[in-house]
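Take a look at these structures.
Both complexes shown next keep chain A, but they swap its partner, so chain B is in the first and chain C is in the second.
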Partner chain A sequence: MSFLVLDALEKTYPDGTKAVKDVSLEIEEGEFIVLLGPSGCGKTTTLRMLAGLEMPTGGTILLGNQDQTRLTPSERDVGFVFQFYALYPHMSVSKNIAFPLENMGLVSQEVDRLVSEVSRHVGITEHLHHHPGQLSGGDQQRVALARAMVRRPKMFLMDEPLGTLDADRRLAMREFIREQQIESGITTVYVTHDQEEAMALADRIVVMRGGRIDQFDTPTKVYEHPADPLTAQFVGSPGMNLFTGELVVDGTDRYLRSGDITIDADTKALSDIADGPVTLGLRSEYLIPDAEGTLQAETVLVERLGSHCNVYFDSPVGRLVMRTESDISHRPGDTLKLGYDTQHLRIWAGDYARPPLEVSET
Partner chain B sequence: MTKAELHTQRLKHVFIMPALVFLIALNIFPLLYNVILAFSDAELSGGDWQFIGGDNFAEVFEEPRFGTAIRTTATFVFLAVTAELLIGFILALTLREPFKGKSAVLTFLLVPMMLSPAVMGLYWNLILNGHYGILNFVLNLSGFGQPQWLTDPDLKLFSVLLVDIWMWSPFMMLIALAGLQAIPRHLYEAAAIDRASRFTVFWRITLPLCAPLLFLSVLFRTTDALKQFDLIMAITGPNDTATQTLSALLYQVMLRDYNIGLGSAYALVILVIVIALASVFIRYIDTVQRRQGRASP
Partner chain C sequence: MKILRWSILAGYLTIALLPLIWLAFTSLKSQPEAISTTPGMLPSLTERLEDSGGFRFTVTKEAYGRLQETHTGASHSFISYLSNSILIGLMSTVAAVALGTACAYGFSRFRVAGAHDWLFFILSTRFLPPLAVVVPILMMYRQFDLQNTHLGLILLYTSFNLSLAVWLMKGFIDEIPKAYEEAALVDGYSHLHVFWTIIVPRARTGMAVTAVFCLISAWNEYAFALTLNNTRAVTVPVYFAGLQGNIQGVPWPQIAAGVILFAIPIVVFTILVRKHLLRGVTFGTIKQ
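Moving on to the complex of A and B:
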């Protein structure tokens, strides 16, 4: 059995809002799991239920084979890092870190030893006698991490811990968090709405939308084979190129059309899709200038980003973006033909621009 | 300076003027005039007066009623503020969580604070009356005897205290409630994650985070209780030695003995005591706030 099992977890608030609907996950010990999704998708509520800060209205939570669904936060063995740090403002940094240890009833020598050990580890020894209000955001987050780590809990839960930091500090803290997790080997569930953060940190990503799990897979899989067009557009920077088309069945022949043009596709990929409207997706790095290509495109804009360029085109299928590492010489207004390797074309049944209405369950 | 700038400049003065006039007429001038009178033998009946140096102050410190009044005031302030703090804080803790009818309960609790102390003093004078007061009527029915609230020298100060506590505990409650509600919820969540017991949460999180505001309300109540006059005047009268606080003594010297010079000296001494106490409190609050500094969001 897996280390952490969520089975059909649900949360309905008293006002009838269904924040989490039927979330089931199996997480292995030592994994770094990221819950990713736009705000209001239920990721934070799921995390808070794991901590015991919210009580589920349905389903179960098993941690190491023990049913934890109804336990209070103190009865569980989890460390929690809050988005706004939640440090005790009236206590010094060392008192903050010592607080969970003192509540366990450890003797003061032991408390002192563990506090100085963990603070050396996260690099805040020079701040031990300061109050949280005197520290920068990054250092406050380090203290919050130290407070969560010092007890060596079974599991770490982190609620957008980098959300309030400056862009340059975020990268450093991201690296630091991952390094600590690898070193300690403690199972971590991490919530963010930043897809790049999720890609960088996760062993596996849980993409959530509307209180449900959309996809649960490794970052590479989520990037290459997104479960649906919304995820395809959400993950990656720039997001996946999307356009609509139609699967036409002509006798034994199956092919894709978009407007007046035929779209090249892997025939195998088409076999299990019903005829009718489809959504097509292509990552920007798989689009290449190709004299034989079927997509006639007019350059609109070139973004030179140093390591690569993003080139935006207008084409018969709509706006497309191409990522290229070589410097591009052409300018807005230039036309060319674009091609791609058909194995990278993603095909979903249905028109993403007109999704079927979700039936309300409330 | 351009004409427009000059105009703005002049306009600023116009706006500041009323406040300045009020301040000088109602605060600064009376204070200075009080200092002058304190060194004089002026009387309420008017007539010529002259400077007599520090004689008034010598008289203040030799006056036996002054020492008694200081003890009475200190007892009164200490007991009143302590009881109000405890009752107010306990009320705030019980009223902290939302419940049905909370705003109605709060409004009822705040009524005593909104009433005029002089009028309430007179009401309580009737309630506490030893012979026909409603309190003794009830006590008598329940077999508790008839304490002479207003005439027994051991009970008089207690009676005034009772009314002061009744009036001002709601004020403490109001401030404490504001303090409690300002404590971010995520700190309690963090404490739950950190496995703190309810006892630990109260002593190490709720109380210390509320303390600066509680101290502020203690400061307000202390400076106010030091000047307590209306209730004493209405319940036992200003001349009763058992309840004669500094303000009551001041009233007697100035407006019963008509001794303006001596009274002004008393007033100055009381002012110095109040300012000294207040600055101790303010310095403490300042230190706490500076330490918590730019507190985390």
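Moving on to the complex of A and C:
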């Protein structure tokens, strides 16, 4: 049996809001799991139910084969890192870190030893006598991590811990958190709405939407084979190119059309999709200039980002973005033909209204 | 600009302090001097001042000394009334703040059935003018032998101030982020422990503000202190009122001296919690 099992977990608030509906997950010991989704998708509520800060209205939580569904937070042995750190402002940094140990019946030398060990580990020894208010955001988050780690809990729960940090701080802390987790081997559930953070940190990502699990898979799988167009659009920077089309069945022949043009596709991939409207997706890096290509495109904008360029086109299927490593000489207004390897074309049944790509045309 | 600002401040200060200064001067006069039709305006430390034309008065500490005597119209000395006031004021303040904080924490953090109605009910105990319930309370106190006891007034002031304490403290506790408690709960502590280690230290400002309000209202209360007592547990406001009917004339210097002594504990208490008060009155207007 898996280390952490959520079975049909539900949370309905007294006002009738269903924050979490039927969430089932099996997580192995030592895994780094990221709950990813837009705000209001139920990811934080799920995390808080794991901590016991919210009581589920249905379903069960098993941690190491023990039913934890109805336990209070203090009975669970988990470490929680809050978005706004939640360091006790009236206590010094060392008191903050020692706080979880203080009702464990340890002798004070042992408490001191553990506090100094963990603070050396996260690199805040010089701040032990300061108060949290005197520390920078990044250092406060280190203290919060130290406080969660000092007890060596069965599991770490982190609620957008990097959300309030500056961009450069955030990258360093991201690296640091992952490093600590790998070293300690403690199972971690991490909540974020930042897809890049999720991709970078996770062993497996849980994509949530509307209180349900959309997809539960490795970052690569989520990136390459998103469960639906919304996830495809949400994950990756830029998001996947999406356009609508139609699967036409003509005798034994099955092919894709979008508007007036025929879309090249892997025939195998079409075999288990019913005819009718479909949504098509193509990652920007799989789009290439190709004289033989079927997509006639006009360059709109070129973003030169150093390591790569994003080139935006208007095409018969709508706005497309191409990511290319090499610098290109396109100028707005240039036209060319685009092609792609058909194995990278993603096809979903149904017509999803395509969210507009936000490009400022300069 | 600076001169203008200072002169406005100085003018205001004079107006505000004048009654207090006059009170202090009166407490240093002798009885004839205090009721003289040409009162001395400024104190003089020398024995006699023939040439001042009555503008100055001779300072005497007599009034303070006589506070230890039992005057006509009172059954004990001022000192005994003052200690009643201190005991009753402090005990009722401590009780109101403690109960109010605990109650406010409950309303702020837990789902209480009908919380809004309860809070309204708590507030509604202040709707009635206290004097309207003097007689019923007197009857009740007679029944329970609470007349003429310190406990009687402590209970009464505590219940008067409790509604104010609950409402004030609820406002303050609502402002404390829940994440602190949640962190402590996850760190392995019970709600009771969290209340002591997290809420109480964070709510100190609110408790100080609430304590000042409760103490002042208990300190100055007159009507119940008068009706529920006649010999023991009588507080200072009743003492002052009693002296007005003195057949030998109102002893103004002693009253002035008593008022000065009576005001000092409140001033000292307010200065002690001043740091908190300043933060307290701006609470909610500044994000922490």
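As a working rule, the second predicted complex is superposed on the first by the 353 of 362 C-alpha atoms of A that agree within 3 Å, B and C clash if a C-alpha of one lies under 4 Å from a C-alpha of the other, contacts with A are read in each partner's own complex, and residues count from 1 in each chain.
Heads up, the rule we're going with is that a contact is a pair of C-beta atoms (placed from the backbone, for glycine too) under 8 Å apart; a residue touches a chain by one contact, two chains touch by 3 or more.
This structure is a prediction, so every number in the text was calculated from the model and none was measured.
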### Query
Overlaying on chain A: chain B and chain C, fit or clash?
clash
### Query
Between chain B (first) and chain C (second), which, if any, makes contact with A:Gln140: first, second, both or neither?
first
### Query
Does chain B (first) or chain C (second) touch A:Asn103, or do both, or does neither?
both
### Partner chain(s) touched by A:Leu171 [first = chain B, second = chain C, both, neither]
neither
### Message
Once chain A of both complexes is superposed, is A:Pro89 in touch with chain B (first), chain C (second), both, or neither?
### Response
both
### Message
On the A-aligned overlay, A:Phe80 touches which partner chain: chain B = first, chain C = second, or both, or neither?
### Response
both
### Message
Taking the superposition on A as described, I'd like to know which of chain B and chain C A:Leu270 touches: first, second, both or neither.
### Response
neither
### Task
Pick out the shared contact residues on chain A: the ones touching chain B in one complex and chain C in the other.
51-53, 72-74, 78-80, 82, 84, 86-90, 99-100, 103-104, 147
### Task
Would you pull the chain B residues touching chain A in the complex into a rising list?
184, 186-187, 189-197, 200, 204-205, 208-209, 291-297
### Query
Tell me, which parts of chain C touch chain A in their complex?
111, 177, 179-180, 182-190, 193, 197-198, 201-202
#### Entry: Touching residues on chain A, where the partner in the complex is chain C
14, 51-53, 72-74, 76-80, 82, 84, 86-90, 99-100, 103-104, 147, 151
### Query
In the complex of these two chains, what residues of chain A are touching chain B?
51-53, 72-74, 78-80, 82, 84-91, 99-100, 103-104, 131-134, 140, 147-148, 164
